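Each of the next two complexes has chain A plus one other chain: chain B in the first, chain C in the second.
On to the complex of A and B.
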């Protein structure tokens, strides 16, 4: 029953946020245009890159687009649910984090439901267009099994990237810094995984598979759907994406709760 | 004529300020190196074992990317754009407008300070080690070195003028999101920072050739690896200076308009 209560509460909390954002309609539309432009920019860069060379480590332009679209789609959900975790340090420093502790609900949940960024529609529009375009170009046959697999991997991707954001924010409990770690660790890591992992040195591939499991966000699942080889890794590794996401997110959640238990207000 | 000793103080202060925020310097270097790894791997995979492509040797291409990533670090070490926009939004910029100095020039000189700190303490040591241990193309004659440094410096100024002009757009538009993204995309692709102009499709290379962005990365990088050599160096630097003058007047125009249009938003 508690779960249903929380789901209801989540929608109540975010609907207030959505109404607030819709007051600034011009800003909202500008941000969506901005996001789509930025993602299209990266796609155009990929196209220019492959104009002369045709393949990047056996991946063609459309295959790379597909890889990119998976990352963007799961990132879109991440932005809605978890992106604001990176600024936990600001809340702690300003003392505004304390308000999440004095309510009769789980502080992690409360902090998560605090914000709902509507601009992630930009991510959804972009990735859906790419999915359709690439499916037509590469003649991907979307059997129901494949669709289910794609959805499951996207949930896995959300949990992995969300878990990473939660871990980064947890650092703030110890060091009162988190935003910067996002820009040093996560932002470059996300950019790295926009390209097929196979091009990186072996050690980087291993890290992306077993330490910071970003490889499971898009590379391994995309390799399964496009039936591409993944050197150094078994082909079926992509199927583990949801499981990896679940485990990784649980670890992140526990670390966050551990950090919370030793949190002392800055008292400002 | 501006009094440069006044601005010089901003340079010194910014230098000292960077020394305090050392964590920022290290984190910025960390992410710069990850992007170097990314682009290095991408170009290695694109060449796929070939010695040369399109007349450019693999070694020269890798050098191009390393130099480009170094200059990206240099260009990114100044006052971030959002900080200036935040000042415009909160109205703090009004305080700067009251003071007897030229605001764009003041920020430029402050950038000299923070950039110098970043180069000396972080970028130069790491990239020097890279160049010692890896097999990159180093210019052998002093003229190439001098013209590379000159071109990189002019490129820095061009980038500053363009970026500042865009930052000041927030005087006119409260939300600059979309425009900014187009700008950053143009800057990263058309400047040749990650893909040299000679690998572009012909039509795109033509567009890039008529825009100022190539002066930021492409020209200094190409001089470094000797792709632009001899008399072409003078021609390229001349082109850079031409664009610098235009971008400078653009910045002045935007700044004059902006400082007369301080919108009071209350609050």
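On to the complex of A and C.
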């Protein structure tokens, strides 16, 4: 099937997914409210902490909020696109995954397009508002180069976090269950990025750069935009964000496909 | 011409041994032992274009595993599978275009959306042309009465409606082969009958090759001329249903209601296998003694109120094969 047909099919599938989600109006609205409450909560905690310390590892309150805004901006978009992978293990467990294998399209694509998390749009808009507010407070001069760089690194961030969701879901092809790994890996990794990496021990920073590359989601790109130093790492490391995202997502995709071929030889 | 060819196919699974109790659970958390389970041991068959074949066997015999290998969901451990000229697990997406699949237990439709939307999405997924889609929808609506629930969300459909929707959905792209995994499971008598009529019709009109697994022997009797019977991952019978009935249907039962109750009933060539009040069940072999000879013997000495001769249903033959094995049954049938 040609790429254009896939694009067309993607929009048809996600619009069906959105309509399906809208069927449960109460749950839908509660989810939006829940997301916004959770994020505001984190921001307030941050503020309380910084009120005490004023600066954290040379990062001021608004600089940290900027960091946070980039993180939830890309996470918000990532959830819209990739959250369905979190429930892959449920499909495998109750045998409904097979349906993706009897249809003449790529199962990764089919699975991804089955759900489009509309409610996360609320979160997305919320993070956009914070982002605009913070950039005004920080008097950032937005040259076209900076805007392009920001967009590219947000895409990088989406791919890194999306890749992580895909990687974790792929574990289910081997172990049948994988949601626990979400809480073991994804949750702490995202919490880590709420604060500038510079406050953590060197080993943690190193892991966040080269093992679970969440440093590239917000810390490194934000340091470039705010012209802040990144001890232990070269200043220009943030420019690699989009590339890291692309490579990481490709790896995740390959692992997922490998898992799928294992599934096909073992069943569930 | 064979449209499906299966040659010495085998499928092993590695299953983690589970130990019972809390200690066992802890132990298996740390160190797991695996054992090999042979779901399908060595199965070969070929199916010609336009056939309806019943693929049957007790639970765990390997039916679903075979179907999954034919649809490309599973890769066989060894052996060859060819469906419509393709190796399903190597050309899974290509193969998907030429097969329709219905899993009776699990719907393939979009659960939360009006039924019509599932059809429209499948039209896009399978790239069905507008013309072909319209033609099929018209036909299926007419035969299956889809219009009564097209705007109802799938989760609100009755099981009968859902199965009708599922089978229509599986045929939208005009596949030459249809796999039905327990298509009548849980349906009431009327819904079952509708389903069978539909399967027969599409097989007849469109020459679609149908492979169905079922536990309902009436499905087999009403739909299939041929059945493949498997047990413990091995094929035990493959042939016409008429043949198996001919071979194993020699043992008949004569049921008589007598006027008076007897201490015992002795007959030449027949054997009383059950009695209840004045009613007697007498088993006999059709080749050794005819029903009329038996009846004559009885009426000579007793007055008969009522009588019937029962031919064994395919169901009882098959349950005997499950219990006693096909080979043993062949021997006993000859005697």
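In this section, the second predicted complex is superposed on the first by the 257 of 268 C-alpha atoms of A that agree within 3 Å, B and C clash if a C-alpha of one lies under 4 Å from a C-alpha of the other, contacts with A are read in each partner's own complex, and residues count from 1 in each chain.
The rule we apply is simple: contacts are C-beta pairs under 8 Å (C-beta built on N, C-alpha and C of every residue); 3 or more make two chains touch, one makes a residue touch a chain.
Only a predicted model underlies this, so the values are computations on that prediction, with no experimental measurement involved.
In the superposed pair of complexes, A:37 makes contact with chain B only, with no contact to chain C. By the touch criterion defined above, A:23 reaches chain C but does not reach chain B.
When the two structures are aligned on the shared chain, A:45 is found in touch with chain B, with no touch to chain C.
Within the superposed three-chain model, A:103 lies in touch with chain C and out of touch with chain B [touch as defined at top]. When both complexes are overlaid on chain A, the residue A:5 reaches chain C alone and has no touch with chain B. In the superposed model, A:188 makes contact with chain B only, not with chain C. Judged by the touch definition given at the top, the superposed model places A:53 against chain B, while chain C stays out of reach. In the superposed model, more residues of chain A are touched by B than by the other of chain B and chain C.
Annotation: chain A residues 24 touch chain B in one complex and chain C in the other. Chain contact summary for the complex, chain C toward chain A: residues 13-14, 65, 68, 71-75, 77, 89, 92-94, 96-97, 99, 101, 103, 106, 108, 110-113, 117, 121, 124-127, 153. Listed in rising order, the residues of chain A touching chain B in the complex are 24, 26-27, 30-31, 33-35, 37-38, 40-41, 44-45, 48-49, 51-53, 55-57, 177, 180-181, 183-184, 187-189, 191-192, 195, 198-201, 204.
The touching residues of chain A, when paired with chain C in their complex, are 1, 5, 8-9, 12-13, 16, 19-21, 23-24, 95-96, 98-99, 101-106, 110, 261, 264-267.
Chain B contributes residues 23-24, 27-28, 30-31, 34-35, 37-38, 41-42, 44-46, 48, 53-54, 174-182, 184-185, 188-189, 194-195, 199-201, 204 to its touches with chain A in the complex.
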